[in-house]
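The structure's right below; bear with me while I get my questions together.
Naming follows writing order (A, B, C and D), and every chain is counted from residue 1.
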Amino acid sequence: MLDVENVKSWMTKFNEQIQAHHDYLSELDTPIGDGDHGNNMARGMNAVMEAIADKDFTDVPAIFKTIAMSLISKVGGASGPLYGTAFMEMAKVGDGEVSALLPAALAGIKKRGKAETGEKTMVDVWAPIAEKTDFTADDVDKAVEATKDMIATKGRASYVGERSVGHIDPGAMSSGYLLKALLEVEE
Amino acid sequence: MKKIINDPKNVVDEMVQGLVRSYPEYLERIPETGVVYRHDLKNIQGQVGIVSGGGSGHEPTHAGFVGDGMLSAAVCGEVFTSPTPDQIFEAIKKVDSGAGVFLVIKNYSGDVMNFEMAQDMAEMEDIKVKSIVVDDDIAVENSTYTQGRRGVAGTIFMHKVLGAAAAKGANLDELEQLAQKVLPNIKTIAVALSGATVPEVGKPGFTLGEDEIEYGVGIHGEPGYRREKLQPSKALVEELVGKLNQEFKFEKGDQVAVLVNGMGATPLMEQYIFMNDVLNKLADLGLEVKFTKVGSLMTSLEMAGISLTLFKVSDEIVENLNYATDTIAW
Amino acid sequence: MKKIINDPKNVVDEMVQGLVRSYPEYLERIPETGVVYRHDLKNIQGQVGIVSGGGSGHEPTHAGFVGDGMLSAAVCGEVFTSPTPDQIFEAIKKVDSGAGVFLVIKNYSGDVMNFEMAQDMAEMEDIKVKSIVVDDDIAVENSTYTQGRRGVAGTIFMHKVLGAAAAKGANLDELEQLAQKVLPNIKTIAVALSGATVPEVGKPGFTLGEDEIEYGVGIHGEPGYRREKLQPSKALVEELVGKLNQEFKFEKGDQVAVLVNGMGATPLMEQYIFMNDVLNKLADLGLEVKFTKVGSLMTSLEMAGISLTLFKVSDEIVENLNYATDTIAW
Amino acid sequence: MLDVENVKSWMTKFNEQIQAHHDYLSELDTPIGDGDHGNNMARGMNAVMEAIADKDFTDVPAIFKTIAMSLISKVGGASGPLYGTAFMEMAKVGDGEVSALLPAALAGIKKRGKAETGEKTMVDVWAPIAEKTDFTADDVDKAVEATKDMIATKGRASYVGERSVGHIDPGAMSSGYLLKALLEVEE
């Protein structure tokens, strides 16, 4: 069960990963996308950190809502609405119960992106993890890695069709950072 | 990266400032946003507002088409990144004068999602909103199971046709019908001679050899379908018109509008030479060219290359294409 | 050399063909020449005709400014090479309707000599001809003993001001007086990020390192006055406005028109950012900006870079700059 | 005294030089000009050769006039009017007397170009040669070479001012070819 402080430290750890892998995420986005995923996420997470720093939140839904709004209004691109929707749906859960949060986020992402598993998007990381009662960093890494062999049919990567094979999906990678950051908070 | 900029993080803000300060007779900006709207909005009270937008880096698109007979507002996102829903929503509120707002969206998952969210926000405030998703780039395989095709230079024809219709007083439903009618008749394909560098990224999305070209690239550094050695203009025209004809399956006497679009770094001289070859080829196919336009209108930063848009038109549509327009860039 | 062309020998002919076929509502061509003239010449019977021209490779200049309120005809020479007297003479004959013809010449020895010879030919056939030689490029030292300064982007302001005056009915002498009055008030300076390649030559006129720029270049690959490391836009503005101010010796409250001109490969995004910095700098100097224009209007093939033109104006001149114009490129 | 055949073979030899040194002339024009002098002269001389081939001329002035018109209407740039005027002035001499032709050409060039000697233009080759009663290939080469040390004050080269020093003037070089071709015909 996450509390407000847990969520803050989740975001802090996620932000560290995003800033540290800023260039790497953009590089992943170059051969099969438009090379901006690192920039988009770094800009968004800067806004999130600013919005939640030194601020008191009454409950978990309140901080999730602030995170969602920051992402929606600062990221743009595909990842902005997707991550924004994920946090908005988590806010609707009403508390910090992880086993309910992740499926809610997944459902939001799938609906917003009109995407299913196997389409080489962040859904392919969220889906296997959200379905598990317990997950490990290794599970996350495997799910991220598995996007490498997929043919993209959603997002910009779909434009290169079969040539998307062999490249990890950037949104899958950033989702992996998010989920592993959550693990660290839960421990 | 060799660009005339200051901090790469601020390019869009500084660009919008420069744009609005250069053309106060056309544009105003909603403060703190990337939204620019018609200076003379009061003149179109009662008309449906038309809003388009997307990532920046395609100038003069979209802001250059804001004005009499075209767009009511444009939303400038970060470079090659869809604008956010809150900004699109601001644009919608600004231009709605009761008749509703029509959104012209290019088919990228980001754009579609952000515009959809903005549409939801507007509807919650009882603003009527309809939209069209332009997907004219035939370089990409089409399928109902995938994201589908990208929206590229043909979007400008959509702006023009809808802008004229709105100016003539079409209502929201009529605009939607018109948009859906013309959508399948607008098709585009491009060829690149070089890649483009997003300022914040600092290196090009792709690089081509000294004598290499790539067919079928997108407007955000998306790779195309084939690389080969540089060809004469006539040979490029064979390839591109050939691909378009496979899609359209033209018949003798079909009427078309033609847009030859420079991708950014390609000079007008080359664009005119290319257009000359295109017109020869279309004449060979027995097509009737009813409208022509040449220029760097839907660019991809400093990418070198060209895109060719063909638009199968009726006389009624040609009238809209020729309808009086007053914008910075049309 | 990576260009969308066919035979380098035919670029100008194919370009003019493509141009005229794309814009039949604006332009007609005198067969077998590089002369294009207003499609609606009959509408300006009795007015002084205005003819400009020069080497090609500066598109949309000059042909893009042929039309209502600007030029009556343009003469397109070979790439970067003055057109020949016989062609200029054809243009003069075409647009003379009795009131005479005014020539706008850029100050290059070739242009001056060829236009002069054409003027002689016209006078032998009793056509009244007057002319102005534009020399706005302050990068070059001025002296009565030398060729003097080059004519560059400021020429477009000359076209606009004279075009408006002619449309309002000014006679040949009045146009000459006006041209001479505004000439010393138009000054330009450029900075290049890359060189340009003349198709028939096949290699660039000059090359710059990955992070090098050159101040004071011309529009034909003429070298400038200083090379240095790439600077932010603000620093370029300091240098260029500084040089212009040294010439103008502006006083607070002086009124200016501003043209930020892309040299070919530089995207509009950079031009707007640069303009934003220019406007800040001019505000610091206490100048009143009465007119602004941004775009790749006087290009140098695919050269990357920018030129800045300042034009010290009176209210009367501003009126001419805002005078209704219908051309492809203004 | 030149006759029509002499003039034809003069032009043939000059054309050979121009076509052979097409690139070289443009190269000379690159550091101090706009790199087109070779193209301009090659285009012009192609037109001249076409205009005089298989055509009968009644006299020397007639062929000079045809040459002039071809150059004027095909070369453009600075060299077109200059060479065109030179041949036009030679046509006015009335016969093929070289000692009268060259001064006439020189005067035409100076007037058209408003140039004097020492300004690093073709005038600096025409002037010393036209003033001599007899000249040699060596005289021509020296005059051409001498433009190297001059500072240009006319033509495009004047824009680079002092930096024009160290480069031979392209129009001086092409004028050198013309005058040396004349020597071969006279021999």
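In this section, a contact is a pair of C-beta atoms (placed from the backbone, for glycine too) under 8 Å apart; a residue touches a chain by one contact, two chains touch by 3 or more.
As the structure is a computational prediction, the values presented were derived from the model and not from experiment.
Chemist: Could you please state the distance in Å, as a whole number, between where the Cα atoms of chain B are centred and where those of chain C are centred?
Modeler: 29
Chemist: In whole angstrom, what separates the CA-based centres of chain A and chain C?
Modeler: 53
Chemist: Provide the C-alpha centroid distance between chain C and chain D, rounded to the nearest whole angstrom.
Modeler: Here the centre of chain D sits 30 Å away from the centre of chain C.
Chemist: Mind pulling the chain D residues that touch 2 or more other chains?
Modeler: As it turns out, chain D has no residue touching two or more other chains.
Chemist: Counting only residues that touch at least 2 other chains, which ones in chain B make the list?
Modeler: Residues of chain B touching two or more partner chains: there are none.
Chemist: Taking the touch definition from the header, please name the shape of the chain graph: line, ring, star, complete or other.
Modeler: Here the contact pattern is a line, an open path with two ends.
Chemist: Taking the top-of-page definition of touch, could you list the pairs of chains it picks out?
Modeler: Touching chain pairs, listed by label, come out as A-B, B-C, C-D.
Chemist: Tell me, which parts of chain C touch chain B in their complex?
Modeler: For chain C paired with chain B, touching residues are 2-7, 11, 14-19, 21-23, 56-57, 59-60, 64, 193-194, 210-211, 213, 230, 232-234, 236, 260, 264-277, 279, 292-294, 296, 299, 301-302, 304, 306.
Chemist: Contact residues on chain D for chain C in the complex?
Modeler: By the definition above, chain D touches chain C via 26, 30-31, 33-36, 39-40, 43, 72-82, 84, 112-113, 153-156, 158-161, 163.
Chemist: Can you tell me which positions in chain B touch chain A when the two form their complex?
Modeler: Those residues of chain B that touch chain A are 55, 77-87, 108-110, 113-114, 116-117, 139-141, 143, 145-147, 150, 198, 200-201, 205-206, 218, 220-223.
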